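Pasting the structures here.
One chain, subunit A, appears in both complexes that follow, with subunit B as partner in the first and subunit C in the second.
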Partner chain A sequence: MTKCIYAIIDSEHILDIDIKGIDGYPVYIVAYKNISAAVSDINKDSLKVTAEKALVYEEVIECLMADYTLLPMRFGEPVKDDNDIIEILKQHYDEFTLNLTQVKGKLEYGLKALWDIKNNKFETDVKDLSKVDEPKEGSCYKKYLLDKLKEHKANEAVIKRSEQIIESINKPLADLSFLSKLKKMTTPKLVLDAVYLVEKEKKEIFVQKAEELKATNGELDFLLTGPWPPFNFAGNYNLKNGSAN
Partner chain B sequence: MTDVITKSKDVTLLEILDRVLTKGVVISGDIVISIADIDLIYLGVKLLLSSVETMEKYRGAAMYSQYNEPT
Partner chain C sequence: MQENKVLLQSNSIEKFGKEMDRIENSLPSRINADPKNVEKGLAKLVLTLVELVRKLMEKQAMRRLEGGSLTDEEIERLGETLMKLENKMQELKEIFGLKDEELNLNLGPLGDLI
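The block that comes next holds the complex of A and B.
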């Protein structure tokens, strides 16, 4: 039998909610001082990834989130028994309590903004910005270089436009957040991929602001999801170098 | 999930998979466990599902201390 840790929670008291984990085993806690790991038994091969197991895993964490501040554990982190779990809690007690304090009373939201680079508006913008005078006469080599220059300028224009968009969308949302992280142009279509840690009392304002930004950026597709458990703000704990991120 | 802005099932599944599989707390590396104040058994957390024999081959030496005679 193996154990699966779902989350680190800010309580040492026995769970007063009945939750079934992966493989239908009950979720219980293993406590150390004033924190605990929410755990269940799992069958040996059960940490192989399937969509169904990932959904069950997420549902367990969401159930816990309703009553506890927590740091979600990444799926697929098996442990042998409760003694291992206590050792983990003991060794990382300071980092866990610090990060629990950080995420307490807050929710994670995710925002993806997508654009269609072939959209007429952008194409016009790119053409305007990348206008290069055609040579009156010249060899095929000159034409090749000029084509390359146009391509370079077009790419520069796209990058400049994407930076403008990212700034106009991300800044107002980041200003409403306790913490935020973002990735730019992960793919040619995904201009912004951001996550925000928002205080609960600000969640309505945050969502309203996102809706306003969507309305004023009609050329973009917005994907706003949440609230999530704080997966992106839980920290990583690498025992090999003793650091926490 | 409450308050989800988008109701698309496929999109939600992707978002869930992205989070549970690539984010969250990761505990990697080895931990040292003291059991009954006698042995220190050094286990690779990510190798907990392998057999003792596999572990011994990997480490090139017996896992057990002088207090346990190898079988």
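The block that comes next holds the complex of A and C.
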């Protein structure tokens, strides 16, 4: 029977909550020193990620999160048996304990902001910044180059505007967070895609600041979600060959 | 999940879902080692590198144009070179059935090449 690790938790005591994992197998812990892996049996053909299994996986982690500090593990990495799990805990003990300390008492929030460059306000800014004098004479090659220059200036204007927006939104939220990660312009519309690790006692002030930013940036579409288990701050561990990255 | 995770929302979730689908569709999929695809895969790699060089040349040309350091003759020659290069790239993409967005390489933590 294959095992599935849901999370590493900061406790070596038997779970006092009854949780069913993927395929309905009960979740239990495998302990090493003062940390444990929350695991369950899993059928081999269940290792392929589906939306349904991902939801069950997420629910297990959310249940654990209510009572424990945890590092969520990537779904779909099978482990042979409890002995292998203890080996993993031994090999990564230092990284696990360090990361558990880092995420203790904190929650993850995700913020996405969409913009529509064809929105009138932005388009006007871009048009103003990308003005180029039309050639009075010259061949199609000169016109081609000048059209390229217009395009280039328009792109630079978009980049400049996006940087301003990202800075004005991300900085105040990052200042309220313990840690943050940011992706810029992952698509032409997704101007900001960020995650923040926020101390529990700062939750209200963080959400309030996000509301203020939403109100002052009416041309953007905001989506703030959370609290989530610290998926983006748990670290990356290769459980197959025992190396962490 | 026991609680509603959406704390702030300006527009429909579908709008955000659409952008996440775009990201997912642009992620590199598993390598297809089918012999029929080897030629296309190699063309994709070569044309990606050519496209990188072309874009760098274009950027350099823009800088020189903005800087005002080019004569009319130089502008004509540069325009002709870049236009013919872009047209040739378009031809090659059509021959190998490649789209613009396919000419890119994901460098992992460093992001995309282009």
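Throughout what follows, the second predicted complex is superposed on the first by the 237 of 245 C-alpha atoms of A that agree within 3 Å, B and C clash if a C-alpha of one lies under 4 Å from a C-alpha of the other, contacts with A are read in each partner's own complex, and residues count from 1 in each chain.
In this section, a residue touches a chain if its C-beta (ideal position, glycine included) is under 8 Å from a C-beta of that chain, and two chains touch if they have at least 3 such contacts.
Here the structure is a predicted model, which is why all the values come from computation and not from measurement.
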item: Partner chain in contact with A:M1 - subunit B first, subunit C second, else both or neither; value: neither
item: First (subunit B), second (subunit C), both or neither touched by A:S139; value: second
item: Most subunit A residues touched (candidates subunit B, subunit C); value: B
item: Partner chain in contact with A:A215 - subunit B first, subunit C second, else both or neither; value: neither
item: First, second, both or neither for A:L224, with subunit B first and subunit C second; value: both
item: Partner chain(s) touched by A:E58 [first = subunit B, second = subunit C, both, neither]; value: both
item: Contacts of A:I14 with subunit B and subunit C, given as first, second, both or neither; value: neither
item: Subunit B versus subunit C as contact partner of A:V207, first or second or both or neither; value: both
item: Contacts of A:D84 with subunit B and subunit C, given as first, second, both or neither; value: first
item: On subunit A, positions contacted by subunit B and by subunit C; value: 58, 62, 207, 223-228
item: Footprint of subunit A on subunit C - complex, ascending; value: 1-2, 5-11, 13, 15-16, 19, 22-23, 58-59, 61-62, 65-66, 72, 75-80, 82-83
item: Contact footprint of subunit C on subunit A as seen in their complex; value: 58-59, 62, 109, 112, 114, 138-146, 148-149, 152, 186-187, 189-190, 207, 210-211, 214, 220-228
item: Contact set on subunit B toward subunit A in their complex; value: 1-6, 11-13, 15-17, 19-33, 35, 43, 45-46, 48-49
item: Subunit A to subunit B touching residues, read off their complex; value: 2, 5, 7-8, 44, 49, 51, 54-55, 57-58, 62, 71-80, 83-84, 87-88, 91-92, 110, 203, 207, 223-229, 231-232, 234-240
